[in-house]
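These notes open a run of structures that come right after.
Okay, so chain A shows up in both of these, paired with chain B first and chain C after.
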Partner chain A sequence: MQTIQALFQDFSTLYIQEYKPTWLKVKLQNATDIVEVAKALQSNGLTVISTVSPTDFVEDNRIEMNYFFEDILTKRNCWVKVDIPREIEQCVIDSITPIFKGALWHEREAYSMFGVRFTNHPDLRPIIVSQDFYGKTPYRRDFDWAAHEADTLGNIQAIYEDFEQEQAQNETLLDSNSSQMILNWGPTHPASGPIRLKVHCDGEDILGIDPDIGFVWRALEHLVTKKDFVGAIVAVERLCFMDNINSMVGYCQAVEEIANVEISEFAKWMRVLLGEVSRISSHMMGMGNFYNSLGLHTAFMWNVDVREYFLDFLESYSGARIATAAIEPGGVRYTLEEGMLETLQKAIEKFDATKEEIRAIFVKNPTMKSRATTKGILSAQAIEEYSLCGIVARASGVKTDIRLDEPYAAYDQVQMDYVTQQGGSAADRLKMLFDEIEQSVAIVRQAKAHIVANIANGNFNPTKDHMVKVPKKLPKGEAISRVEWARGEVLMHLVTDEKATNPYRLKMKAPSFNHTMILGELLKGESLSDIPLIFGSLYICQGDLDR
Partner chain B sequence: MELLFNITIFPGMLYFLAWTVLLFWFFRKFMAALHKRVGPHFNGPAGSYQTLFDFTKLLTKESVTPSGVNPYLFSLMPILAALIAMLPSAFIPWTPSTTVVPTEYGVLALVVLIGIEPFLLFLSGFGSDNKYSFLGGIRILTQMISSETAFFLAALSPALLFGTLNLQTITESASWLSFVVLIPAFVLYFIALLALLEQPPFNIPDAEQEIVYGFYTEYSGTNYFLLKFAEFAEFMAVYAGATVLFLGGYKGLLVDGYLCFFLKMLLMAMVMMAIRAATPRVTMKQMIRLFWQYLVPLSLLNIAWIMLAKIYLLGGMA
Partner chain C sequence: MIVEVLKKVYRVSKALWVKSPATHDIRSHLMHDTPRFRGEHTIDYETCIGCDACNKICPTHAITMKHLPFKKQNIVPEVNLSVCIFCGLCEDVCPTKPEKSIILSGGRYDMISGGWHQDQQDFWVHVDIPQSYIDERLEAEEATRVKKEMMAKKKEAQLHNEKEDKA
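Moving on to the complex of A and B:
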């Protein structure tokens, strides 16, 4: 930390603060310094950029840029802030993409949503938003959504014209003497989900891929600002409902930090318990989807069969199987009643009964291995270069896991270790999923035993301890909170105003964004058959890709 | 009169329709069990009407012909595919007395008619004027060229062994000993069969995750029904071929007859389904390598083995 702090002596700063055990919060005076700062940080080991998040302060007439630099190996992180003017013409800052490749899409997103222009950015096109939002700034506080939506016909026209133009452009791209073509893989493709990969291919060989995302853009980050702090959880959990608990945990921690509320020990353990169940349910779908992409549906069906039992537990706890809305600022929403843990016990038993079968048939499948061990290989270096996280990073042997790096909830008391693989290939990522399900089940066992023991000796009161009161109005402030979500690191950057009843700005950094960004790199030179394999192995969810 | 019965009922149209409906239902139910789910359930006993309803629905649905294609080629192909797929049935000795066209060249007819089918499917993909269909068509050709060598060499080994191309004679001369001798050929035939029928792990031409539905992509309604029908008729032709060539046709353990023939075909369908439930799809390159590098040399070796066995085990039987 000292070395990072020393770095900033060369730059004029407004303040340097220690923030949380692993973070340093710095506000720069001059926006022109950002590239030099980024270079200095990178040479000191902070090689990962988590995200770039602008915050729009209309009254102060400024846009505050937030950069989150991370060092995933020695766990030193740096949060750099800098103000830039708000007027569209002057809203310009140097791009850090030439230094941090991982910022490529994050800067494009800031450009599409806030109109921040990045000089020296290699590919500053709008992303996520549909064509009718081009040149507009939907996430700025003064954007008139009603007026935009009133012009339905104009919006459709904009989308249509852009498509026509793209069609015309396609033809000029292709060599007419070859067998080249532009193939749309998605958005209505059996294996793609709502994403479009523009595949430029020559017969079966891929020459290049340009992902087109935003088909399930719900503007969640805008939506939360229209809701109160409790209501916002339903938007947050829709980041991707496969693992909805952990995203809510991340958001609630940020709210609790601003409200300065400490939740009860029981609630912390419940967050661990629910979070791991949710992670299991997500990973089981992930394994199934991996095999679906290889044309084998049995793995999905078998996993869903086991997953149902875990969903039974979520249902018994919250009344909902998928979108549970079970975590709330101040703790967990519901009391824990008798019988719920028995449902969980059944799920664990079901898992134990089937896991060897699933391991033998699907984790060690020879046909899968013959295809997947040589495809989609990511080195540990590439992980840092493109700022990847979660199982994708751990499959390449990078020890990163927010549960251990920056323990939240009750993870500081949980016995666990990094689960990694060394190969970094698609097959390793599949193996990671299965290993992590096993790890999560072990954590669920621990959490369950801990809760049962403490209820028995009277430390926990499951009908009262689940919530502490969080004031309806929050003071002015901002907080970041990181959680290890099923797919990787989720970073929530929450900003509140004076006497706030709803979030002023919530930036949700979700892992699939970076993982989709590298698709083009991974697939170049491969064949069409590898698209679903590599796409499936990166464990991408369009929900948190588009938000 | 008998010919009319043969064409319309057995082993003709109605037989194939019944086979398609029943086998489709059986596939669904069998697959469901392997997937740990229920499968068709509500319509009819054990959901058996489901497939019937599905086919009726397809027959009554609008058949969309995309603009920009040759409508004749586009609609002719499914009909041709279905017809050609049913033709081998005429040469198969279903029971000791039912062979519609008894000929000395049964094996040849079988091999040729089965071999034509992929070309028709390629043309249906080619005629669709769709990138996915076209890729599917190209893939089907590649796959056919790779798998047919092994398939034909395996299919011809019984003919070599028994010294005849007459399917009836082959069935009658089959014995336990000849069955054992033909096991390598049967294994080769079965692997090549999976590729020829575009079944997993060789369902590359209609790999839904890669190229949507391959050559099927643009087909709907009646045309789609005909293509599906052709696919199932092709199943029957290939299974029946295997049954006659390697498994002794209608000969049974206790009684001879059509039932034995049917059970043998069903057994092959079950093995095929089990492979489908446990094996992911391989890639084009892997498929080509498997066939040219391993199966073609192996089938040549198999021919040598058949010759040796014929001379030393079966005493040079004519």
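Moving on to the complex of A and C:
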């Protein structure tokens, strides 16, 4: 940490603070320094940029840029802030994309949502938003949504005209020697989900890929600011349903930090338990999707069969199978009653009974291996270069896991270790999913035993300890909280105003964003038939891709 | 020929006696039933205090408050089920005790499978208040109003008397 702190001696800073054990929070005075700061941080090992998040302060007439630099190996992170003017013409800052390739889309998102222009950015086009939002700034506090929505016909016309224009250029070069064209993969492709990959191809060979995303953009980061702190959980969990518990944990931790509330030990363990169950159910879908995109639906059916038992537990606990809304600021939302853990026991038994079969048939599948071990290979170097995280990073042998690097909830008391694979290929990522399901089941066992034992000896009161009161009005402040989500790191950056009843700004950094960004790099030079394989192996969900 | 046909008929009709491998008809019985299942709301207009809390917290604005012709406690929630996301926050914030006035835990789950929807109005939880209840409440309200007036008049008269006494 000292070495990072020393770096900032060369720059004029407004403050340098230690924040949490693993973070350093710095506010720069001059926005022109950002590139030099990024270079200095990168040469000191902070090689990953988590996200770029602007916050709009209308009254102070400034936009505050937040950069989250991380060192995914040695747990040193740096949060750099700098102010830039708010007027559209002067709202400019140097791009750090030439130094951190992982910032490419994050800066494009800041440009589309806040109108921040990045000089020297290699590809500054709007992303996520549709044509009717081009040149507008939807996430700024003073954006007039009502006026925008009033012009529905005009909006549809804009989208339609742009689409027409684009499709007219799809067939660029067609002759007897070569046929370059743009192929639309999605948004209604059976394997794609709501995403469109514009595949530039020459015959079967892929020349490049330009993903078109935003088909399920719900402006969650804006929606959250319209709800109170409790109501916001339903927007946060819609980041992606597959693993909804952990995203709520991340948000609630940020609220609790600002409110200065310590939750009970029982609630912490419940968060571990529910989070792992949710992770299992997500990974089961992930494994199924991998095979689904290859055209084998049996794996999906088998996995979903086991997954139902885990969803039974979530339903017993919260009353809903998918959209549980089970984590609230202050703890967990419901009491734990007798018999619920038996449902969980049933699920674990079901998993134990089927796991060898699933492993033998799907994880060790020779056809899959011959197809997937040579495709979509990501080196450990590429992981850092493109700021990847989660199972994609661990499949390439990078030891990163927020549960261990920055333990939250009760993970500091959980016995676990990094699960990694070395190859970094599509097959390794599938293996990772199954290994992690096994790890999660082991954690669920631990958490369950711990909870049962502590209820028995009277340390936990499952009908009272689940919630600590969090005040309705929060003081002015900001917090970040990171959780290891099913797909990777989720970073929540929450800003509140004086006597706040709802969030002022919530930035949700979701892992699929980076994982989709590298599709072009991974697929360049491959053939068209590899798209579903590599896309499926990256474990992308459009929910957290678009938000 | 006839024997052949009869044989076939016999073979096929055997299926009538064989027990189906399916154990549950999930249209009417859930595979997994839990008392916390968040389903259709039940609203108790008699205990509802009209505090508007459920309306305020609803993340999707599925709740509208129906106005009642009373002076106090004159609103009661109605839920549009096609907008509702069944998060259950309305039940959480409902302050009435011991029973909450708006409950979805343990509500019916067969909203789609049951075939009970004839039109869009079936996806609403309306509060049907019998006229007798309204009359009763109005009468009670009128009675308290009259009582209050009488008390006020009495007090006024008393004050008047006191003043006269002093004078």
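Note that in this section the second predicted complex is superposed on the first by the 537 of 547 C-alpha atoms of A that agree within 3 Å, B and C clash if a C-alpha of one lies under 4 Å from a C-alpha of the other, contacts with A are read in each partner's own complex, and residues count from 1 in each chain.
The definition used in the following text is that a contact is a pair of C-beta atoms (placed from the backbone, for glycine too) under 8 Å apart; a residue touches a chain by one contact, two chains touch by 3 or more.
All of these numbers come straight from a predicted model, not from anything done at the bench.
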Looking at chain A, does chain B or chain C touch a larger number of its residues?
-> B
Could you say whether A:Thr367 touches chain B, chain C, both of them, or neither, answering first, second, both or neither?
-> first
Tell me which partner A:Gly295 touches in the superposition: chain B (first), chain C (second), both or neither.
-> first
So, does A:Gly458 touch the first partner chain B, the second partner chain C, both, or neither?
-> neither
Doubly contacted chain A residues - partners chain C and chain B | none
In the complex, the residues of chain A that touch chain C are 227-228, 230-231, 234-235, 308, 312, 315-320, 323, 325, 333-334, 343
In the complex of these two chains, what residues of chain A are touching chain B?
-> 181, 183, 189-191, 203-204, 291-298, 301-302, 305, 361, 365, 367-368, 370-371, 527-532
Of all residues in chain B, those that touch chain A in their complex | 34-37, 131-132, 135, 138, 200-201, 203-204, 207-213, 277-286
Note which residues of chain C are touching chain A in the complex, please.
-> 31-32, 34, 36-38, 57-59, 85-89, 92, 105
